[in-house]
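In what follows, subunit A forms one complex with subunit B and a second complex with subunit C.
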Partner chain A sequence: MEYAVEIENLRKEFKGFTLKDVSFRIPKGYVMGLIGPNGAGKTTLIKMIMNLIRKNSGRIFVFGKDHIQHEAEIKSQIGFVYDVPCFYEDLKLKKLASAIAPFYPKWNQELFLKLMNEFELPLGKKFKKLSHGMKMKFSLCLALSHDADLILMDEPTSGLDPVFRQELLAQLSQIMLDEEKTVLFSTHITSDLERIADYITFINNGEILFSSTLDDILGKWGIIKAGKDLLEKKDIPGIMRSQKTEYGIEILTSNIKKAQTILPPDSITEKASLEDIMYFMSKGDKHA
Partner chain B sequence: MKIIISNASQKPIYFQIAEQIKNQIISGELKEGEPLPSIRKLAQELQISVITTKRAYEELEKEGFIDTVGGKGCFVAMQNKELLREKKMRMVEDTLSQAVSDAKLLGVRLDELKKMLTLLYKEEE
Partner chain C sequence: MLKHIRRELIFNQTQLYIFAGYMIVFWIWIDWQDIPFRMSLLFLSFVLPLFCAASIQAREEKFKAWTLNCSLPTNRKTLVLARLITSWSLIFAAFVFGLLFSALFQENPAFLSQFLEPKSILIFLLLSSLFLAFLLPFVIRFGISGVIIGLVALQVLGVITLLLAQTSSNKDNILRSFLHSIINTVKFFLDHDPTPGFLLLLFFSAAAVNIFTFKFSQFLFARRDF
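Now for the complex of A and B:
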């Protein structure tokens, strides 16, 4: 398999936060969702791929090339959407675009105008006059207008209404028709990912908890709801986290099929959503 | 081709897709040699991940319902009429054996079950 991005033992130490020797790979031609609670390290990780934050150690390869040695070449092939779009405030959108376009050899003015029209963005308006949602759309529009092979998006759906979130997902599936394109986006709105992402990487407190196909995760993980004393009576296969309430216990397992075979009849099992997994993995009680 | 996906279903999405395409092949709605949308096109239309549609097609290919022609895409496989009937019969068998095990759980006797089946069969006519 070919990889668009390869990250090996990446480390970054800040005061009070460390990204701990993170490794994962994004296969070319697919969408990967990066999930995790606030402060997990998602933005740090994405900014490090862009070399906006310097790493302490580890390696990053984009399209098989070292991301610092070939920085300019690599960046011209990346479409990047920040969580807080930051452009020169006093320029009109049209001017902004013509200032940015020369950086990209494959800039497509026709596509840009088409997207501006589709996203209902006014070319003659100043950037500072836009709402947060429109700023996000504009930033996305720029990222999509130069035929980028890798699209990196940091929380692109935060602050957007459901209508535009759907539009964005439709845009992404449109892009994915081309098997040369790869997308990485971080989000904490996991329902956006639950359909469209091929791979999910879950980061918590600077560590990767898993990086796997979405099908695999949704097929194997599950939640068991049972009487409070279940854990005293049985060893639950694949147990990851649990949470006790007044009336019972909820257990997150990464092997629901096997767990089902040993459960008492009064317990129930449910599919785990990404949100369930994110919640349990960050808040539930740990098991050795 | 018609595909309806339920997010609430316990069945995985790839399975839902494969099952529906299979049923349409068995019922003859999808004809032999008919082209299927590409893996990426189908993912776009349904707004689901490429891996999911890929897996659905892989299942269908494994069971001999579709053929993948390199560079051209996927097509409904030539179906052997006998084989098709056999496949349909197996589906009937599967559903019946499910009904039998449910009946056993409830303590329904064989003659009672036969009566029920006879009744249902005649109702359909």
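Now for the complex of A and C:
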């Protein structure tokens, strides 16, 4: 299998936060959702791929090439959508685009104008006059106009109203019709990913807790609701986290089918959504 | 490199208009106040780099645009080189624009022609390079607020130095000697005959300072996280 992004033992130490030897890979042509609570390390990770933040150790390969040694070449293949758009706000959109376009050998002006039209973005408008949603759309528009093979998006739907979010997700679904394109999409709005992601990587407190296919996660992971003494009596397969509630205990397992075979009849099982998983993995009690 | 300079000029076009206005005011002031040539040259050598390098950086910081610039398909070394070349392009454009504007109303053509002498241009180049060598790495490392703090600190230090030099009973104290050595160095350059050897010395000194500025700025910029 060919990989668009390969990250090996990536480490970055800040005062009060450490990205701890992170490793994962994104197969070419797939969408990976990077989920985790605020401050988990999602933005740091994406910025490190873009070499906006330097690594302390580890390696990053994009399309098989070291991201520092082949920095310019790699970046010309990346469309980057920032969490907070950082353009010169007093400039008109056409000026911004005219300054950025020459850097991309595969810049497609026709496509750019088409997307601007589709997104209802006026070329003659100053960036500061745009709403947050429109700013994100402009950012996406630039990222898509140079035929990028890898699209990195850092919280693109954060702060957007549902209409904008749906539009943006629809646009991403369109992109993914081209099976050559790879997307890394960080978010804490997990429902966005259930529509478009192929892989999910969960990061919390600077650590990758799991990285797997979405189908695998939604098909195999589940929540068990049972009496408080369940954990003392049974060894639950695939137990990831648990949480005591007023009525008993809730357990997140990565193997709900196997767990169901040993559960007492009064326990309840249900499929876990990404939001449930994120909540349990962030707040639940660990088990050895 | 051209696309980088073009990018810098587009991103900072508002500043260019402000700068042009500032240059007009500056030359009117020189004419109005009868500022001597040497003083005008010294003043230009410090004001132009300050305005060019610092204002571009200030805008970049204001809009957090370093993320945008550093995410373009290029490397940080090229970005620093582009910033240095753009700064010099703006410095020379402002210098020429100011002279042309001043030529419209300046009654003494000899005053203006002094600015166009090779020695004047090279002294301007060297002094501006020295100031840029301080400014650019400082801006890259500490940002525009760092520059303001740095300049205020230098000013305070200068005042203290002058006060101490004035009040000290020892006429040969180290501060006084330091100040004199700076003044004498500048005087030496300004008074020296414009022999070919001297002009070459000025040129190569300025080139060496710029190479240092580039290397040091690149070293600092490569170590920044955005």
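For the reader, a short list of remarks on this structure follows.
By definition in this document, the second predicted complex is superposed on the first by the 288 of 288 C-alpha atoms of A that agree within 3 Å, B and C clash if a C-alpha of one lies under 4 Å from a C-alpha of the other, contacts with A are read in each partner's own complex, and residues count from 1 in each chain.
As a working rule, a contact is a pair of C-beta atoms (placed from the backbone, for glycine too) under 8 Å apart; a residue touches a chain by one contact, two chains touch by 3 or more.
As the structure is a computational prediction, the values presented were derived from the model and not from experiment.
Annotation for subunit A, partner touching more residues between subunit B and subunit C: C. Once chain A of one complex is fitted onto chain A of the other, the partner contacts of A:Phe63 are absent, as it touches neither subunit B nor subunit C.
Contacts of A:Leu218 after superposition on the shared chain: subunit B is touched, whereas subunit C is not. In the superposed model, A:Glu73 makes contact with subunit C only, not with subunit B. With both structures placed on the common chain, the touch criterion links A:Tyr104 to subunit C but leaves subunit B unconnected.
In the superposed model, A:Phe24 lies in contact with neither subunit B nor subunit C.
No residue of subunit A is contacted both by subunit B in one complex and by subunit C in the other. On the side of subunit C, the complex with subunit A involves touching residues 3, 6-7, 10-11, 13-14, 59, 63-68, 70-75, 78, 223, 225-226.
On the subunit A side of its complex with subunit C, the touching residues are 47, 50-54, 71-76, 78, 80, 82, 84, 86-91, 95-96, 98-100, 102-104.
Looking at the complex, you find that subunit B touches subunit A at residues 7, 10, 12-14, 40-41, 43-44, 47-52, 55. Those residues of subunit A that touch subunit B in the shared complex are 29-31, 169-170, 173-174, 176-179, 194-199, 213-215, 218-219, 271.
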